[in-house]
Amino acid sequence: MAKILASSKDAMAHVKSGMTLMVGGFGVCGLPENLVHALAETNVKDITLISNNGSVDNWGNGKLIANKQIVKLFASYIGENSELAEQFISGQIDVELVPQGTLAERIRAGGAGIPAFFTPTGFGTKVAEGKEARNINGKDCILEEALLADVSFVKAHKADKLGNLVFNKTAQNFNPLMATAGKITIVEVEEIVENGELDPDEIHLPSIYVNYIVKGEQYDRRIEKRTYSSATS
Amino acid sequence: MTGVSKKERIAQRLAKELQDGYYVNLGIGIPTLVANYIPDGMDIVLQSENGLLGIGPYPLEKDMDPDLINAGKETISTLPGSVFFNSAESFAMIRGGHVDASFLGAMEVSENGDIANYMIPGKMVKGMGGAMDLVAGSENVIVAMMHTSRDGKSKVLKECSLPLTGLKCVKKIVSDMGVMEVTPNGLVLLETAEGFTIDDVVNATEAKITVSENCLVGTY
Amino acid sequence: MAKILASSKDAMAHVKSGMTLMVGGFGVCGLPENLVHALAETNVKDITLISNNGSVDNWGNGKLIANKQIVKLFASYIGENSELAEQFISGQIDVELVPQGTLAERIRAGGAGIPAFFTPTGFGTKVAEGKEARNINGKDCILEEALLADVSFVKAHKADKLGNLVFNKTAQNFNPLMATAGKITIVEVEEIVENGELDPDEIHLPSIYVNYIVKGEQYDRRIEKRTYSSATS
Amino acid sequence: MTGVSKKERIAQRLAKELQDGYYVNLGIGIPTLVANYIPDGMDIVLQSENGLLGIGPYPLEKDMDPDLINAGKETISTLPGSVFFNSAESFAMIRGGHVDASFLGAMEVSENGDIANYMIPGKMVKGMGGAMDLVAGSENVIVAMMHTSRDGKSKVLKECSLPLTGLKCVKKIVSDMGVMEVTPNGLVLLETAEGFTIDDVVNATEAKITVSENCLVGTY
């Protein structure tokens, strides 16, 4: 069962230098911003970060990167962040590019107790270097290993007091997967409701994976690309 | 060609590859434009690999929702019957071959269907995002690209020079010059775009290319 | 997009002798009874059946077994069916016992394009016979291959007209997984609603996996073990 | 022992293995009875491998729902905070080690923690259900069993004779005669049940068994 923490700052007691950290979100969407920004206020360093994106300059993961708190990053996409590009080119940060679907599946596998799996994704590419290749029933595949984290930071829309979670729209993305793969999983939410208020058929992630919940202090509601159509079109 | 850019013409031609009832993933760039050219009366469901089936049009400015974006991180809307899911489910769908067609851009394509579209060593390293999964998972990978680089070099090659996104996975190429199918015997030219002769396309292509007996000229 | 069929009988046009068939359900709970019983009325035979249970005597899968339509069964549990036990002992039906979690994961893998995976389940047991064993990061594992079906029969609570599904309570079980692993997936539901009536955040299975929908003709609401407490206790 | 069956005594003793906040899977048979003995004020969430976290009590007769059953196929109810999910999710939870303890029955257990509980060749073949996943996935596998067969033969053995459900996975055995821990040095007797001396248990056990210095007698 989850414990409810008073603040994002309190959650930082669980993050130590040298740990592996997963951070949910797709770019800035569904990123656990209060937790990440609280970590940026600490002296924790030498973090291995697993997150789909490098995020944008000086916001979200970008803050941790600007602070040089990250020594290694697993991500599928590292555009939109010039500081990260610079650290990568100058060798200050080690980046392992992982195909997005393989990243998602490796994290799911970590949470689900599947130590490794074969996938066709990346066969014959740089991603396959150093990995076992095998043809299975006519498909050329490579062997990919599970990913686990010491701590996972997750953003959900609502939690009940046990720690059951629901997500909102495309802010779901990697969040529920990372919640399953953290030895300690810390979730920030917009709202905490009573047990029983969430329909048991509509919960996206059961409380069994959640260790701590905190109500996020502040939400920027940030958008990377504001695309809209005019009312008349 | 009057008033329609090269990119829009490619998108219009790509739209002809759609079939009623298709679930399709549209990559960033030219493929995204295909959404504007879906034939009337054809039911197409667009997949967004960040966790949405059923991409709707851009919202009104007042309805923009930071929690509702496409894989290009643009604000979008939903349609009746849209569904949200997590990233593992999204790529289960893609890797499992359930998406009927995947349209994506490329820097280079080779005559055996290899594709390179995610990095230029020493220059551009953005990452492959979901592209490697899309090309590995879809039976129907169609590439939208400019036929040549700005300095006139062919991007349709005997062998790709850039790091690969996938091997032998491209089924068809729609460029600003023509439409080519990847067959076990190499590339076959099926159509040319308006303003290009068959010889124009063949001469602009480094890869070995065969001209179909039924090759059409100036179809788009 | 799914097509709506007029009857369960119409769906049988897609099932041919010699095919591999998946049937959802956990015992009788969530079993696509109208489709299975319609199949029992056909001459289709030599079916390889993948279903968690042999089901009970002469109902559900039990009907297919009594009819000798099944030549091979993949299941995790074959109790509660004396006809099946008899056919198994006399060698009339080939049974491959698969641990329940491995069965679920092999079916998910089939749908998700993962040709094989390593799992600790079954290491050192009869289940491991003939399979590759490997120690991965300290865990003894065996390699399990994905399962796919020619046709999957699925029971859902509701579908919209596109084929998006929601399930009810523990009648969910193997149903959504099998829907992803069928080359043709046929779903019977209690209710078909308009597109847009199901909340996009609450759909359990997206329509992309569904080929045909039929409104089930009749539901027995059968219970294997009626356990209840008295109002006063 | 007055009025309490052996099975109920085992269940009561098993309940002492629970800790506040545990997520627990209770197997069919004796383990199911543990639900009746959860100490007051202790929050325990019961997992049912057919797709439910948060098993409630048996419903009233009028509330029995064919769509709401446990892994033993009995009608049950939910509690505030219960969650439903599919079988792959359920076993992801189990295999991934998220269930804090798994209590299950056994036909035989060996001194190194092997367990056999799913088939008797030529006699009983029902299948392993979720048992192989439960013993492989949980760090805390506790077995509830009768110490001897009806004809008095030890079921706690040097080596199991029946096909195994799992290797070296049992952490503790609670039988009708005593409580034994599986250690790297073999079985250690921690407690005896009411009516049994230490010698009674040792003599009834085929496996090599060490008696703990702090072994308690007649605790349950």
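Order of writing sets the labels: A, B, C and D. Residues in every chain begin at 1.
Definition applied: a contact is a pair of C-beta atoms (placed from the backbone, for glycine too) under 8 Å apart; a residue touches a chain by one contact, two chains touch by 3 or more.
Just so it is clear, the model here is predicted, and its values are computed rather than measured.
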| item | value |
| --- | --- |
| Target subunit C, source subunit A, minimum contact steps | 1 |
| Euclidean distance of C-alpha centroids - subunit C vs subunit D, Å | 28 |
| Whole-Å separation of chain centres (CA-atom averages), subunit B against subunit D | 55 |
| Distance from subunit D to subunit A - Cα centre to Cα centre, in angstrom | 36 |
| Of all residues in subunit C, the ones touching two or more other chains | 105, 108, 112-114, 119-120, 167-169, 172, 200-201, 204 |
| Where subunit D touches two or more other chains, by residue | 78, 84-85, 91-92, 94-95, 137 |
| Arrangement of touching chains [line / ring / star / complete / other] | other |
| Chains that touch, pairwise | A-B, A-C, A-D, B-C, C-D |
| For the subunit D and subunit A complex, residues of the former touching the latter | 21, 23, 43, 45, 47, 53-54, 78-85, 89, 91-99, 137 |
| Partner subunit C, residues of subunit A touching it in the complex | 105, 109, 112-120, 136-137, 139, 141, 145, 166-169, 172, 199-202, 204 |
| Residues of subunit C touching subunit B in the complex | 1, 108, 110-114, 160-162, 164, 180, 194-196, 198, 200-201, 203, 206-209 |
| Interfacial residue positions of subunit B with respect to subunit A in the complex | 48-52, 57-61, 63-70, 72-76, 78, 84-88, 90-92, 94-95, 125-133, 136-137, 163-167 |
| Complex interface listing, subunit C residues touching subunit D | 26-30, 52, 75-79, 85, 88, 97, 99-105, 107-108, 119-127, 140, 167-177, 204, 221-231 |
